[in-house]
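In the two assemblies presented below, chain A is common to both, partnered first by chain B and then by chain C.
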Partner chain A sequence: MLVNKKLILAHFWLAFAVFGIALTLGAWQMFIRSPIGTWLSNPELYYRSLTAHGTVMGYVFPTLVAMGFGYAISEAALQQRLVGVRWAWAGFWLIVAGSIMAVIPIALGRASVLYTFYPPLIGNVFYYLGVVLVVVGSWIWVALMSVNLRVWRKAHPGAPVPLAMFANVAGSYLWAWTAVGAALELLLQIIPVAAGLKNTIDAGLARVFFSWTLHAIVYFWLMPTYIAYYTIVPRAIGGRIYSDSMARISFILFLVVAMPIGMHHTFADPQVGAGFKFIHSAFTALVALPTLLTVFTICASVEIAARLRGGRGMFGWIRALPWDNPMMLALAFSFVMLGFGGAGGLINMSYQLDASIHNTQWITGHFHLIFGGAIVIMYFAIAFDLWPHLTGRELIDVRLIRTQLWLWFIGMIVTTFPWHWVGILGMPRRMAYFDFGDPAIAPQALSVTLSAIGGFILLASGIMFIVILARGMRAPQVDAGPYRFALAVHQPATVPVALNTHALWVALMIGLTLTNYGYPILNLALSSGTSVPAVYVGAQ
Partner chain B sequence: MSTRDLFTFRNGHFRIGVGITAAILIVTAIVGFIVLPFAQPWVQFADVWDAICSAAGVPQRAASVTAPEQAKRLSEVVLTSNTLARPSQEAIGRGATLAQRCAICHGPTGVSRADSPNLAGQYAAVIYKQLHDFRSGARTNAVMSPFAVNLTDQEIADLSNYYAYLPRLPAYHPTPQLPKPNIVIYGAPMRGIAPCGACHGSLDNKTGSPWLEGQSEAYMKAQLHAFASGERRNDISQQMRNIARAMTPQDIDAAAAYYASQPPDVVKAVD
Partner chain C sequence: MSAEETHQASAEVAARVERRWATIAVIIVVMMALLAAFAGIHRATMPQPRVETIDPSRIHLSGEFVESNLGSVLEANGTVTVRAIGQQYSFTPACIVVPADTPITLRATSADVVHGILIQATNVNTMLVPGYISEQLMRFTRTGDYLMPCQEFCSFGHEGMWGKVKVIDKAEFADRAKGGGRLSCVGQ
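Let's look at the complex of A and B:
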């Protein structure tokens, strides 16, 4: 039951429009710092573009997808009209206003601080206020998801919450809490300086606040993808979810252990004690657990589909899968990229191994493979799956969809594998320019060129994606029927209260945040003499 | 089952969830705060508490050693990128009058014929800092110090604003344009030298750093040698001294010759 289709479509269209722009910037960046581009001789332009790319891809695009998908889940899984539609529109317009407010200073070169802010670098205050508006808009969505679930619970006391909604609300709570870190950094540290009230900043404390957000935000990005794995893919390929409980446990594990691990981003920072770095490293290792559970459950679910289609043998069933189905294709690509990206992540989270790749191009390669690859390809799949239900029109050209997914997969591999490689060779990240004529880095020219070509393949795929959706708006009308989510092999009749509510796991998430972040933050906040002069972007 | 039954040890999920989380936290804390610190034989701890504090990142108080008396004065100028922002026309006018006494070395248009720095179009913050340092004695020069010693804060600000206001003109000692030397563009990473151009123009500019294009080659060489020998010491946190000490004489020659041969950058509108 999808009622507020316009609301959901508005979120998706805005998300994919800004994605298209940021993708173009990304491809240009790959090109301009590769040996095939001619250097513009102005690094500021590069950082300007990089800030826009990161801000859109990190804050605006995935948040809008999660919100639009969340509203769709709330209506379709709970079978009830969205409560608080006006609030939802208010949230949407806040994001529009925030994005415009943030993009103007970026375009003027007044906020080339990259999306991770990098204090003591300070840009124009409107950039940060714009980001705050985007976050506030998304918090409205968090509240609405919670309210809608509560309304449903009242009408269905004791009934198991549909898996898609359970996971969706878990994702929204994770986002609500993880965004607090960046919000504290912005409100307490950066905005007072950007507004001219102070001219020094505690950069170390600001970085710790940001690490609070920086890792769990990835799991917020991941949530729609995992929801699609569990609740869309098995239905789309004619199978069933292998275990509903396993799915719930994965999502609550994400709630608990995605949060208190962000300090693996500050392994090289002197202001954090080594003991806390170790604890965060150990908890980061735990976050592999829900992913491994998911890979197991989804592979089992897919096997069920294959065997229902007549697949036989230990591995022979793989051939029986519906490989011409875009959802199957997207899942397979996503898993391959998740596998490689996850393996790379194990290196990043290790205190010792991190030292060899910290701040190198390996890191950028890693998060593009995980986010741009494994996660975003499922955003595409979600859009393809929902589109006929939102527009009432069929996406006819399945071949084009398959080509688009193939190109995205190939493009991402071609982009990120050489990117990882030059990182191992020591090429630093966040550099606007490399002189490949220098014998010291000349051997890396080939890898960087390949990466740039991959960037153009991705751009081509991104354009195809938008064309497919746009053509879908004009296709012949069709009745897509009610939107359904996948069913489990054993649909639960009752679910233990711990797996049907989020309170316990939210409490553990907050508790672990206090144990793992409390002392480092207090220590830095209460120490005097830890501030440094702000460096204003564009000032001489 | 209501939420009241959730947060109780009778609930198995609560027991297991909280129990496992707490157990992992305790084990990792013991390993991170006690086992691993003592596993480093090269670090000595007084006791377990000392090791825990160290691993937690408690700021360590250095033994109470009084800072050695500075034989020479250090620069006390604080610069932010808002220093001297938006000067008034009157301030520039007052500066122009005061600048007449500077013209004998720095030139009537702020471009020197005497191997003194060209000041026309130099950043206001740069002139401001150097004049303050000459006045306080943090930087000394037989010719310059007597001029600076009687300047008031207002006069220093006005002079800085006046010279920053002047257009950048080509210097009187142009030589054929040289290719960018490595020291300017890449620095020398193996010796910890950042590229000159990262602060002084050609690549980027940082608050408090002068732009150098068209400055006197002899002057720039002399300053780099003065930084290297410690004779000049008004740079913040030894930034320039550390760089100059690590530069070879060839680096110094190349950087000075390159910057001297460059025409001044087109003045960027900075407000």
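Let's look at the complex of A and C:
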């Protein structure tokens, strides 16, 4: 039952519009620093573009997708009109206002500090305020998801919360809490300096605050993708979810252990001691658990679909899968990229191996493969799946959809594999220019060129994606029927309270964050003499 | 067997298979953590363990990182200490000279914003955060020149911030260190 279609479409359209812009900037960046581009005489333009690319892709695009998808889940899974529609629109417009406020100083070159902020570099205060508005807008969504679930529970006492909504609300809580780290950094540290109230800042403390947000934000980006794995894919390919409770356990594990692990981003930092670095490393290993469980459950669910379609044999069933179905294709691509990206992630979080690739192009390759690849390709699939229900029109050109997904997959592999490789060779990140004439750097020229070509393939695929959706707005009308989520093989009649509510797990998430972050933060905040003079960007 | 019973039996099979996989997954995770702990303790391979602070606005006036103390020094026990600073947009010294097959301690900090030191083709890799001192232990087995780029965005000149490490023969280094002072390969 999708009632507020306009609200959901507005979120998706804004998400994909800003995605298109940021993707174009990304492709340009790949080109301009590769040997096929000519030396950009003003490197500052590169960092403007990089700040815009990161800010949009990190804060605006996935947040809007999670919000739009979240509203759709709330209405369709709970079979209940969205409560608080006016608030939802207020959240949407806050994000619009925040994005505009942030992008103006970026475009003027007054905030080229990258989306990760990097104090003591300080940009224009409106950039940070814009980001804060985006986050506040998304917090309205978090509150609405909680309220809607509460309203439903009142009407259905004791009933199992539909899996999609259970996961969606878990994702919203994860976001609410993980955003607190960057919010503290912005409100307590950066904004007072950017506004001219202070002129020193503790860069080490800021990095620890940011690490609080920086890792779990990835799991917030991941949530819509995992929700699609569990609750859309099996339905779309004619199968069943292998296990409803394992799905719930996976989402709970993400909620609890995605948070207290962010300091693996600070292994190479001098302001955190070895003890907490090790604790965070061990907890990061733990976060592999929900993904390992998910890979099993989804493969098993897909096998069920294949066997229902007459697939036989140990591996023969793979041929019986509906490979012409875009959802099947997207899932397969997503899993391949998740596999490679996940393996790379295990290296990044390793207490020892991290040093060989820290802050090299390997890292950029890694998160583009995971986020841009495994996650975003499922955002596409979600949009294709929801579109007929939102527009009342059919997406007719399935062949074009398949081509688009293929191109995205190929583009992502061509972009990120050479990227990983030059990272191993020690090529540093965030460089506007490389001197390929230097004999030590020359061997990397081919890899960087390949990556740039991959970037253009991705751009082509992104344009196709937007064309498909836009054409879908004018296609012949169709009655798509009610929007449904996948059912489990053994659909539970009752679910234990622990797997049906979030309170205990939210408490555990907050508790673990306090134990893993409390001491390092207090220690840094209370030590004196570590605040350093701010360096203002674009002030000349 | 009724349909209900078949359903029940298959649910049990499903749960058993799933538990087995979950157990394997947990074992993998625990093994990874144990391996990291073992390698950290036994081989002493771990990220920088200690936190040391320093006031970046005074480093050029007194203390360990004054200009005359930057560079490589051969310690009495045969090890080498290298002191360096990063600032927008260069390292001082811009060329670091060290001997091969010698335990080396790199001590470095930043004079302004966040930088990073990465020595290509090695796993020497550390952040320079203003206000804090970074320490890395290293040892080169191969002589030659290594590029040492700044690996963290430090504003618009970041792409031009490249230093160099020159690893020379142990005896040659000892010879050059005879005169005392702090060695570097700047201008060579």
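Simple rule for what comes next: the second predicted complex is superposed on the first by the 539 of 540 C-alpha atoms of A that agree within 3 Å, B and C clash if a C-alpha of one lies under 4 Å from a C-alpha of the other, contacts with A are read in each partner's own complex, and residues count from 1 in each chain.
One rule holds in what follows: a residue touches a chain if its C-beta (ideal position, glycine included) is under 8 Å from a C-beta of that chain, and two chains touch if they have at least 3 such contacts.
All of these numbers come straight from a predicted model, not from anything done at the bench.
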>> Clash or fit: chain B against chain C, after overlaying the two structures on chain A?
In response: clash
> Between chain B (first) and chain C (second), which does A:527 come into contact with in this model arrangement: first, second, both, or neither?
Replying inline: both
>> Going by the contact rule set out at the top, does A:246 touch chain B (first), chain C (second), both, or neither?
In response: second
>> I'd like to know which partner A:512 touches here: chain B for first, chain C for second, both or neither.
In response: first
>> Just checking: does A:496 make contact with chain B only, chain C only, both, or neither of them? Give me first, second, both or neither.
In response: first
>> Which partner chains sit in contact with A:535 here, chain B, chain C, both or neither? Use first/second/both/neither.
In response: both
> First (chain B), second (chain C), both or neither: which does A:428 touch?
Replying inline: second
> After superposition on the shared chain, which partner residues are touched by A:276: those of chain B (first), chain C (second), both, or neither?
Replying inline: first
> Which partner, chain B or chain C, touches the larger number of chain A residues?
Replying inline: C
> What is the contact status of A:293 with respect to chain B (first) and chain C (second): first, second, both, or neither?
Replying inline: second
> Of the partners chain B and chain C, which touch A:43 in the superposed model: first, second, both, neither?
Replying inline: both
> So which bit of chain C gets in the way of chain B here: 22-30, 76-84 or 94-102?
Replying inline: 94-102
> Common interface residues of chain A with chain B and chain C?
Replying inline: 43-44, 271-274, 277-278, 282, 286, 438, 527, 533, 535
> In the complex of these two chains, what residues of chain A are touching chain C?
Replying inline: 43-44, 46-47, 112, 114, 118, 120-121, 202-204, 207, 242-243, 246, 266-274, 277-278, 281-282, 285-286, 288-289, 292-293, 296-297, 300, 346, 350-352, 354-356, 358-360, 425-434, 438, 440-441, 489-490, 527, 529-533, 535, 537
> Okay, in this complex, where on chain C does chain A touch?
Replying inline: 7, 10-11, 14-15, 17-18, 21-22, 25-26, 28-29, 32-33, 36-37, 39-40, 45-53, 55-57, 88, 109, 112-114, 116, 118-135, 145, 147, 149-160
> In the complex of these two chains, what residues of chain B are touching chain A?
Replying inline: 1-3, 5-7, 11, 13-14, 17-18, 21, 24-25, 28-29, 31-33, 36-37, 52, 54-59, 80-82, 123, 125, 185-186, 203-207, 268, 270
> Which part of chain A faces chain B closely enough to touch in the complex?
Replying inline: 43-44, 196, 199, 256, 271-279, 282-283, 286, 435, 438, 496-499, 501, 503-505, 507-508, 511-512, 515, 519-520, 523, 527, 533-536, 539-540
